[in-house]
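One structure is given below, encoded as structure tokens.
By written order: A, B and C. Residues from 1 in each chain.
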Amino acid sequence: MPELNAKIPSGPLKDKWTQHKAHIKLVNPANKHKYNIIVVGTGLAGGSAAATLAELGYNVQVFCFQDSPRRAHSIAAQGGINASKNYPNDGDSIYRLFYDTIKGGDFRSREANVYRLAEVSGNIIDQCVAQGVPFAREYAGYLDNRSFGGAQVSRTFYARGQTGQQLLLGAYSALMKEVNKGSVKMFPRTEMLELVVVDGVARGIVTRNLVTGDIETHAADAVVLATGGYANVFHLSTNAKGANVTAIWRAHKKGAFMANPCYTQIHPTCIPVHGDYQSKLTLMSESLRNDGRVWVPKKPQDKRNPRDIPEEERDYYLERKYPSFGNLVPRDLASRNAKEVCDEGRGVGPTGQAVYLDFADALKRSGKAVLAERYGNLFDMYEKITGSNPYDEPMMIYPAAHYTMGGLWVDYNLMSNLPGLFVIGEANFSDHGANRLGASALMQGLADGYFILPYTIGDYLAGVKAGKATTDIPEFKEAEKYAKEKINRLLTIRGKRTVDEFHRELGLLMWNQCGMARDEKGLKEALSRIFEIRNEFWQNVDVPGSGTDLNQSLERAGRVADFLEFAETMVYDALHRKESCGGHFREEFQTPEGEALRNDNHFCYVAAWEFNGVGKEPVLHKEPLDFEEVHLAQRNYK
Amino acid sequence: MSKINLTLKVWRQKNGREKGGFETYTAKDIDTDMSFLEMLDVVNEQLTHEGKEPIAFDHDCREGVCGMCGAVINGQAHGPLKGTTLCQLHMRNFRNGETLVIEPWRSRGFPILKDLVVDRSAFDRIIAAGGYISVKTGQAPDAHAVPVRKEDSDTAFDAAACIGCGACVAACPNASAMLFTAAKVSHLSHLPQGQVEAPERVIKMVEQMDKERFGNCSNEYECEAACPKEISVEHIARMNSEYRQAKWKAKH
Amino acid sequence: MGSLSTYFTSSVGRKQIVAVTGLLLILFVIGHLAGNLLIFLGPEAFNNYAKKLAGLRPGLYLVEVGLCFVFVVHFFVTGVLVYENYLARNTQYGVNAAKGQRSWATRLMPYTGTLLLVFVVYHLLDFTFIDKHGHRSILADGNSYGLYGVVVNAFADPGHSTFYIAAMMALGLHLSHGVESFIQTFGFNHPRYTPMIKTFSHIFALVISFAYSSIPVYILLNYPKVP
């Protein structure tokens, strides 16, 4: 089994990126326009990368499945973006941000990448302010900061509860500026179906125009995937309905390695599922745990009105188990504990899959006005969705799939093992290790897009002869034919079950067997069930309509078909990783107190999987993680 | 949890070239906790099982921020509630037995692609015409180099909250895109960073808006009432003023 | 920056032209009203005023041509905008329902405007382009009272008066939206002052339409006692 080379520059950690930038190859400014770069996805990573590459002079083509690049799901991020500016003068530094991120990720990320992320974090804030992002400000006119989970300093910049929206609109505006200049050609409502690989090198993509159904081919000197995460493998998640694994999965099937797919983040404070028809789960900001107390009744199946349950019959389980962090333990712990009490039959609400988040004490202590100022918009949103008023009765919350740390494997230059294929943002296996800290996803997406990829892609392109990109080669014809055949197959099955029914079934299976807690038996069961569901899908799915116009059932069918293949790889990864770390909790591997038990001797590596055929176990490649700067320790939040 | 039955009259149109019309469907046993889009999901599942083509409608985040969803319900963009996108409108706001007429945004600037799906690329072109600060990556000074009055920053945010859904155009009796355009103009010109380009920006954006063949504003303020982010028409006034000054003060 | 000519073809520019011409017309409406109210002081005062005004010629022609131009521009540009607005909603909604507080004054702007155009033409034929000392100027006592007599005779006819009053109500509606609309279109909207201007706009419209209407009402009630 060959080890993967991440091409991490040598030298001391804090000099690596500076030195690397100083020594990588450059493309002559006069030649840049001769290079074609394809960017798929227009979220924070894709949008910022496309805009920056175009500013540098490259010829950029940008694709997104939404009707406008402004709608990518980065837009839904609420809380904020971290940066080690140390504006509050509370002792923050690049090193602290680096260390917090490594620790938060449960020591399963690459030191060099994380350090670089912390290093460029400050530039992101500068850039966004210059673009007109209206970050929250103090009366003096300077930027305000707040604190977030997993950190002891205030380093989170925010724009009310819509930080992601404002940052994305910043990147989008930069992108549209380049569209106007003609240096970016935009292809909205266009979905990538295939990656075209010629002699082991990524040379272009095959797309479907979602309005006309036309299958088109696009050649390039480099392909950048910025297509987000795969949390919708669980069907119900906080992700947008359109979020999918298709682009990275199809690249994976062409040879790109899939790294750590089992690292998925479950967010503890979401509005619980309330019916079979449910299409998505809504996140309620983590900040609510500052004032809300989490509890369930001590007695199982206690169906009394929460206000009728006396204090001594309530179990404030987070405060009981983690006296020092209390309700503010990291996301993975809060989520897992909620599941545990629900599994004991102590869950509340009509489904028994919820816990209370109670503001009664905070109301008594601070008054309604103060709470309204802090959480008014969240309370309103909760009431809009559930019809229940959190000032009068406790909120009901339950964890939901939220973010995926795994993704395509990339080296230090953000290039996958396929030369010419770059992967950025949530789509790569990322800098977050086994668990991501709050307010770090926005940071990583923009770091990759604005400040890292634009340099590193030049290093690759400098070695590629410009102007050679053409779709006039057999590989494109083949990929196009394959994409068309797949669509025809989906349209001709005309079975009895809808695409959503399959997605729901897969999602529930993954949630139960490969969600917040996993064990060998469940994972093995999942493998055989996925196989069955996939087989039935290809015999019994009903995709109405035609392939030659706007057909949303067909779009979903293609995506669900990919989830049905991808899910297997995710389960294989979870099965092989015989340890618990961050978002990956194996019930067999826990401390006597029920905490995640890492196995640094055997699993301190990135698991990068090579595709080996549908339904076949993928081939494992390892990238060992060397920690030179930090000391591996068990996380402790007691 | 209660259930209601509804009659839906939905605009069905195969594509932009063919004529459309209303089709009537029944939505039975609709859980009042459902969102409007989940109700449409249920109807679509039912249509699929009946061998009919489901209703095409745009949607994505389903939490009111991506701006993808939207339809006119009984004559009101995003339905009867103020400050709400269609995905955040829940069925408890409707009565058992009610008939709902569901139509796409109607504007010459938003050609219908299919059923309830319209082409809003005109909005992208308006932004591309000048809805940005032309700073390149790497040129920015330190974020604290220029303080910004909190009041200005907050007002800029109010305008920047626009999700580009197009409800303003749909609700305007003249199908005008003034609120959308003004929100961006006003967001950027409220910030010192955005003031350098402000005169050029407002001119270019207004001219692009006109090219997209939206209607003209007649100060009826239906846009503000339909806006899911409740963006104020004060931003339109500001754009009017900025445009007038930019045009009359221009040196050539 | 594009030439100034594009200002006159842009949506915002043309609306501002409508707003400015509207403002000028409001000034005219106020001046005209002041003259009209002299009727309450009797035939002498009223006819003297008319005579003085006529004595300002030929300078007055210039003002009249200007006024006519303003009126035509106001009407014509609005007409084009309204037509464009009609085209902009290429398919009508199956159901129309306002979500905001769209007032009747606002909805009826094109109709009140058109009624006012018809009225102005009629009004000119009625009181301006006539023989001011002909048979229409002779009141019950058999004497000619000049323009004063023409006005009194006209308003003594209830049908005639009703039409005038209806036109003035239309003017009131038109102004109640017009004044506040001017503020918005010119960009003077201000969170503190706009609500005040709105109220002012409504009161102003009410005062103008009632003041104009008071003349036919007064004559109707007092005929044939006047003068």
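The criterion applied here is as follows: contacts are C-beta pairs under 8 Å (C-beta built on N, C-alpha and C of every residue); 3 or more make two chains touch, one makes a residue touch a chain.
Model, not experiment: these values are computed from the prediction.
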| item | value |
| --- | --- |
| Chains in simultaneous contact with subunit A and subunit B | none |
| Centre-most chain [mean C-alpha coordinates] | B |
| Distance from subunit B to subunit A - Cα centre to Cα centre, in angstrom | 27 |
| Inter-chain centre distance, subunit A versus subunit C - centres from mean C-alpha coordinates, in Å | 63 |
| Cα-centroid distance, subunit B relative to subunit C, in whole angstrom | 37 |
| Two or more partner chains touched - positions in subunit B | none |
| Residues of subunit C touching at least two other chains | none |
| Residue ranges of subunit C touching subunit B (in the complex, touch as defined) | 1-4, 6-7, 10-16, 81, 84-85, 87-102, 106-107, 109, 177, 180-181, 183-191, 194 |
| Subunit B to subunit C touching residues, read off their complex | 9, 11, 22, 72, 74-77, 80, 82, 101, 103, 106-109, 171, 173-176, 178, 199-200, 203, 206-207, 209-210, 213-222, 224-226, 233-234, 236-244, 246-248, 250-252 |
| Subunit B-facing residues of subunit A, complex | 48, 51-52, 55, 66-71, 73, 75-76, 85, 87, 123, 125-132, 134-143, 159-160, 162, 165-166, 169, 172-174, 176-177, 179-180, 186, 188, 211, 238, 240-242, 274-275, 277-280, 282-283, 350, 381, 384-387, 450-451, 454, 498, 500-501, 542, 544-545, 549-553 |
| Residue numbers on subunit B that touch subunit A, as the complex places them | 1, 14-15, 31-35, 37-38, 41-42, 45, 47-49, 51-54, 56, 58-68, 84, 88, 90, 92, 113-114, 117, 119-121, 123-124, 127-144, 147-150, 153-154, 156-157, 160-161, 163-164, 187-188, 191, 193-194 |
